[in-house]
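Each structure below appears as structure tokens.
Here subunit A shows up in two complexes: once beside subunit B, once beside subunit C.
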Partner chain A sequence: MSAVAAKPAAGSAMNPGAMAVGIILTLILVGICYVMSPGVGLMALIGVIIGGILIGFGTHFVPVGGAPAAMGQAPGIATGVAMLATGAGVAGLFGGAWAAETLPATMDPMMQLIIVVCAGAVGGGLMMAITCMMVNFLYVFGMGIPPASGKVANDPITGDSQAEYKSQGTEGHGLPFVSFVGGVIGGTLGGAGGTLIYFELLVLYENALPGLMNVTAAQVMPIAVSAAGMFAVGLFLVNAVLTAYNITGTIEGPHDPKFKRWPRSIVASAVASALCGLVAVLIVMPLPI
Partner chain B sequence: MEHIVFGIGITALAGALATVAGSAEDTESNIGSQGDPNSQVQLAPQMGFLHRIFNKAVAGEPPAYGLWCCLGAGLAWAFMAMQINPVLAIVLGAVLATFVQGVYATTAYVGRTASLAKFGQPVFVDILKSMTTVTMAHAFIAIFCTVTLCHLINTALGHPFPLPLLGLIWGIALGAAGSATGNPYYGKERQYQNQKFGAGVPISASGNIVRYAEAGERNSIDNGWFTAKIGGSASGICFGMIVFLELWRTVVFEAINPWYAIIVGVLMILIFTVIDRYIEVWGRKTYGPYTAPKEAEA
Partner chain C sequence: MSVKVEVIEGGVPHNTILIAGVVSTLVCIYLTYLNVVTQTEMFSFFGGLAVVAALVWGSHTIKVLCSYGIGTGVPSAGMIAFGSGVIAMLYATRFGMLAPVVALILAAIIGLVLGWVSNNILNMKIPAMVQALTEMAVVGALTLMGFAALITGTFGFEGLTTGTVTMFGMTLLTHQNSFIGGCLIAVAFLLGAIAIQHPFNACLGPGWTQDRMLMLTAECAFLSMIVAAIMSFALISAGSAIISLVIAIIGWVYTYKEYMALSKRDAHSWLDSKPIPDVEGQ
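The block that comes next holds the complex of A and B.
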């Protein structure tokens, strides 16, 4: 099919066959992990997959306008989807990793997980809240332009009319309130997902590395923290870039028709996270041969 | 208590460093046309508007600054492992990372501009000589401040991540905050200074960037001078607030109860939401609609 004959796919054009293949691939990868490393390895992989899905889903909320937004030609934040989502996510990961370090070791593991993931989520949300607020600050006070959406007639949250606030020859500009809220939700989900991946891998490495390297738990901590942090940042980029392809350029937030594409992205994120997560798990697992 | 007071002092210093880093980052990217407004610098010759604007889009700002800050932090970490004084190690790391930035800037300008040869856009050697060093100077300030704040977070506040990983994380966040806040001001206000104030650039005007200054042709140092006043400052405040508030809520409240830090973070998000809504309503009321509301839609 040529590009001319292709149907416009702004809505929720899904390919059930491809999604089924994606789900089967994910299950195969989880099965490999179950055979190679049941227990703590499998738990880590499931955590990585859930974290990846959270990142992929959260990235859809982030209002990104790309180059047109930098000229006030389209609403959103004037940068790339993957870049902004990653910026917020790693800021969340920073907070989550810090919380994981300061919690007492005697605390219930499930409570530790909840606190760490919440800390990461709030870190990502706070980064996006400040950034989105400063974007509107600059548009309104620096450039004299009120925020306006190009995709909806009224803001779904505040009900403010949008069409008459769009300047001539543009698609809209700035961040209407629904886009701000979308940005905060996206940062929150991204921060939570990145931190979940980090924490699950940290627990795995703390358990597996001392036996593998024949050293004490205290000696292995810097390596475990560094390796888990590197994998978390790497997995964040994998999922954010995959989602950026799904969004194809720009998105205004949860009210944008492109937002309906999220199921496709979630399956893709699950497959990619399962494959990357399997590598992250298997590097510390002695082969059963 | 003493520990918390010490932590707040470090937090304030890190916030101040982040503010300077954000401001320098945005000014550097505007002088080099690195962010999204670069699309117009690249487009202009194709529309027949030849110019003398520097054009060095190495990558998006977040990955580019992720690389440079990670490189600076990694080298500083290696120098510190060689028992070199931390201040000197950070300076040396930042200098070497800045040279890498300079190499990227040079190849990016030459490569991108050469690709426009068929549209008649020349490669100006004097632009290359005068602009590259200015972007390198700004990049040095941004990298040095970011690596220093990462070192403070790592050694004084006890964050578990090693210095190179902190450099990568805060480099990406620096680029994200700087490009998000600063890009519209350069892209709309400076490149399209000939368009109406208080309105977006019409899509039909794309590529028609301002190419002449008060005397002679405009160059990118003029753009850096212009955007440093609001775009650079706003980017600095944005990144400074991110670093300061993230550290502050953790340093003060995490030791008392981890939930307090989370609750304070949620409260801060709510406060910024209210401020954002106020700014939006203020803008709508003060500037008013561009056209009369349509009765049929109402």
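The block that comes next holds the complex of A and C.
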């Protein structure tokens, strides 16, 4: 097939067969983890899969405009999915990692998890809120264009009509209210997902690495933090780019018709997170050879 | 004047670059094993050469994939390459001597699954997708392993997590002063990710020429190698780090000059930019 003929073919159609295979593949990977490392390893893998799904689902809310948005010809933030999702995820991860460091070790583990994930969610949501607001400042006061959606006649939340403000020949521009809200929701979910992955792996490594390397728990901290952080960033990027493929690059927010593609993304994120998470869990297991 | 279409269409076929990339990257990474054989750290610079070889191969893979217009921008391809590569690379370091081969196989499996997911579950239906994502995960993993070998002189889990610190004349073992413990891997991650996605992003278009893009990749890779060589002063002996740094600077100056010459060759001339030609091998 030529490059010209093979334009982005990702329509909104679902592929039930492939999705069923994907779910079975996820279950098989979870089963492998159960056999190799029941208990703490399995818990970590399930946390990683839930985190990956949160990232994949959350990214659908974020108004990603890409290059057209930079020229004021499409609504959204003027950069790619990978950059935005990484920004929200890493901002959330910092918040969650800080919370994980400061909590007393005697605290109930479930309570720790909840506080850490909430801190990450707030960090990610805050980052997206600031980004969305500054983007709108730039659009309105810098480029002189009013926010207007091209996909819906009225804003689903405020009910404001959009068509009068939309310039001819564009798909809308700026960040309408619903996109702003979507961005904050997306950042919150992404930050929570990234932090969940980080924290689950951190707990696993803190428990398993000292025995593996014959060192004390205090000595292993830098390695546990760094390895968990790198795995979290890697998983975050994989899930964010897969979601970018799902929405073929741009989306306006939760009111965009492309938002309805989210079930595909959830299955894809589950498969990818299960595979990568299994590798991340196996690193602390004794070698099979 | 009509443009040389055959250069735009392909130049060296992708499969040749693929095979040359795999072989030269693996050979260069294994050459750093001379450190263990000779009990020095002088041969760490081969890790940097492995990075250059892997990135040149990887940027051509990105060209093959992004010729299809995947709609998400070229940088996302570099990000997924390293996101999946770092996972395979970290696990593979456990295997000691076999690490580069395990990294290659494991990254290929992860990339294969991600390609299948993109093409079938996400309905991308792009012919080059599965092979390209497989190759890119391998490139990501081997590039990070090359950086690890360049900065620490080794590619085993022990060597990457253990460093030494000298305090009051005593040499102490520490885990904070190491490639993974000090999170130098995060810097290596982005040095590689930027170097792999930039060249095609910068050179794409009707005036794309293969040799110019690959020369730019080599330039970016040597630039990353300079930074990594400077970081290696912290973990290996100063003499070995200077060898890496000098090689990186020589390589960067040479590739930069070559790239400028190629850019001047391709500029200042009238191009009959025909409709986008078919990509090679399809």
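Points to keep in mind about this one:
Quick note on the criterion: the second predicted complex is superposed on the first by the 274 of 289 C-alpha atoms of A that agree within 3 Å, B and C clash if a C-alpha of one lies under 4 Å from a C-alpha of the other, contacts with A are read in each partner's own complex, and residues count from 1 in each chain.
Note that in this section a contact is a pair of C-beta atoms (placed from the backbone, for glycine too) under 8 Å apart; a residue touches a chain by one contact, two chains touch by 3 or more.
These figures come from a predicted structure and were not determined experimentally.
Superposition note: with subunit A as the common reference, subunit B and subunit C are in steric clash.
Contacts of A:N246 after superposition on the shared chain: subunit C is touched, whereas subunit B is not. By the document's definition of touching, both partners, subunit B and subunit C, reach A:M83. When the two structures are aligned on the shared chain, A:S226 is found in touch with subunit B and with subunit C. In the superposed pair of complexes, A:A192 makes contact with neither subunit B nor subunit C. By the document's definition of touching, both partners, subunit B and subunit C, reach A:G66.
Within the superposed three-chain model, A:A163 lies in touch with subunit B and out of touch with subunit C [touch as defined at top]. Touch counts on subunit A: comparing subunit C and subunit B, the chain ahead is B. Once the two complexes are overlaid on the shared chain, A:I130 sits against subunit B while remaining clear of subunit C.
Overlaying the two complexes on chain A leaves one subunit B stretch of 7-15, 25-33, 115-123 or 151-159 clashing with subunit C, which is 115-123. In the superposition on the C-alpha atoms of chain A, the part of subunit A touched by subunit B in one complex and by subunit C in the other spans residues 66-67, 80, 83, 86, 222, 225-226, 229-230, 233. By the touch criterion given at the top, residues 67-73, 75-77, 79-80, 82-88, 90-91, 94-95, 106, 110, 113-114, 117-118, 120-127, 161, 174-176, 178, 180-183, 185-186, 189, 275-276, 278-279, 282 of subunit C touch subunit A in their complex.
Those residues of subunit A whose C-beta lies close enough to touch subunit C in the complex are 1-4, 6-11, 13-15, 18-19, 21-22, 25, 66-67, 80-83, 86, 213, 215, 219-220, 222-223, 225-227, 229-231, 233-238, 240-242, 244-246, 248-250, 264-265, 267-268, 271-272, 275-276, 279-280, 282-283, 287, 289. By the touch criterion given at the top, residues 35-40, 60-63, 158-162, 165-166, 168-170, 172-173, 175-177, 179-189, 191-192, 197-206, 230-231, 234-235, 237-238, 241-242, 245-246, 250, 254-255, 258-259, 261-262, 265-266, 268-269, 272-273, 275-277, 279-280, 282-284, 287, 289-294, 297-298 of subunit B touch subunit A in their complex. If you check the complex, the residues on subunit A that touch subunit B are 66-73, 77-80, 83-84, 86-88, 90-91, 93-95, 97-103, 115, 118-119, 122-123, 125-127, 129-147, 153, 158, 160-161, 163-177, 180-181, 184, 221-222, 225-226, 229-230, 233.
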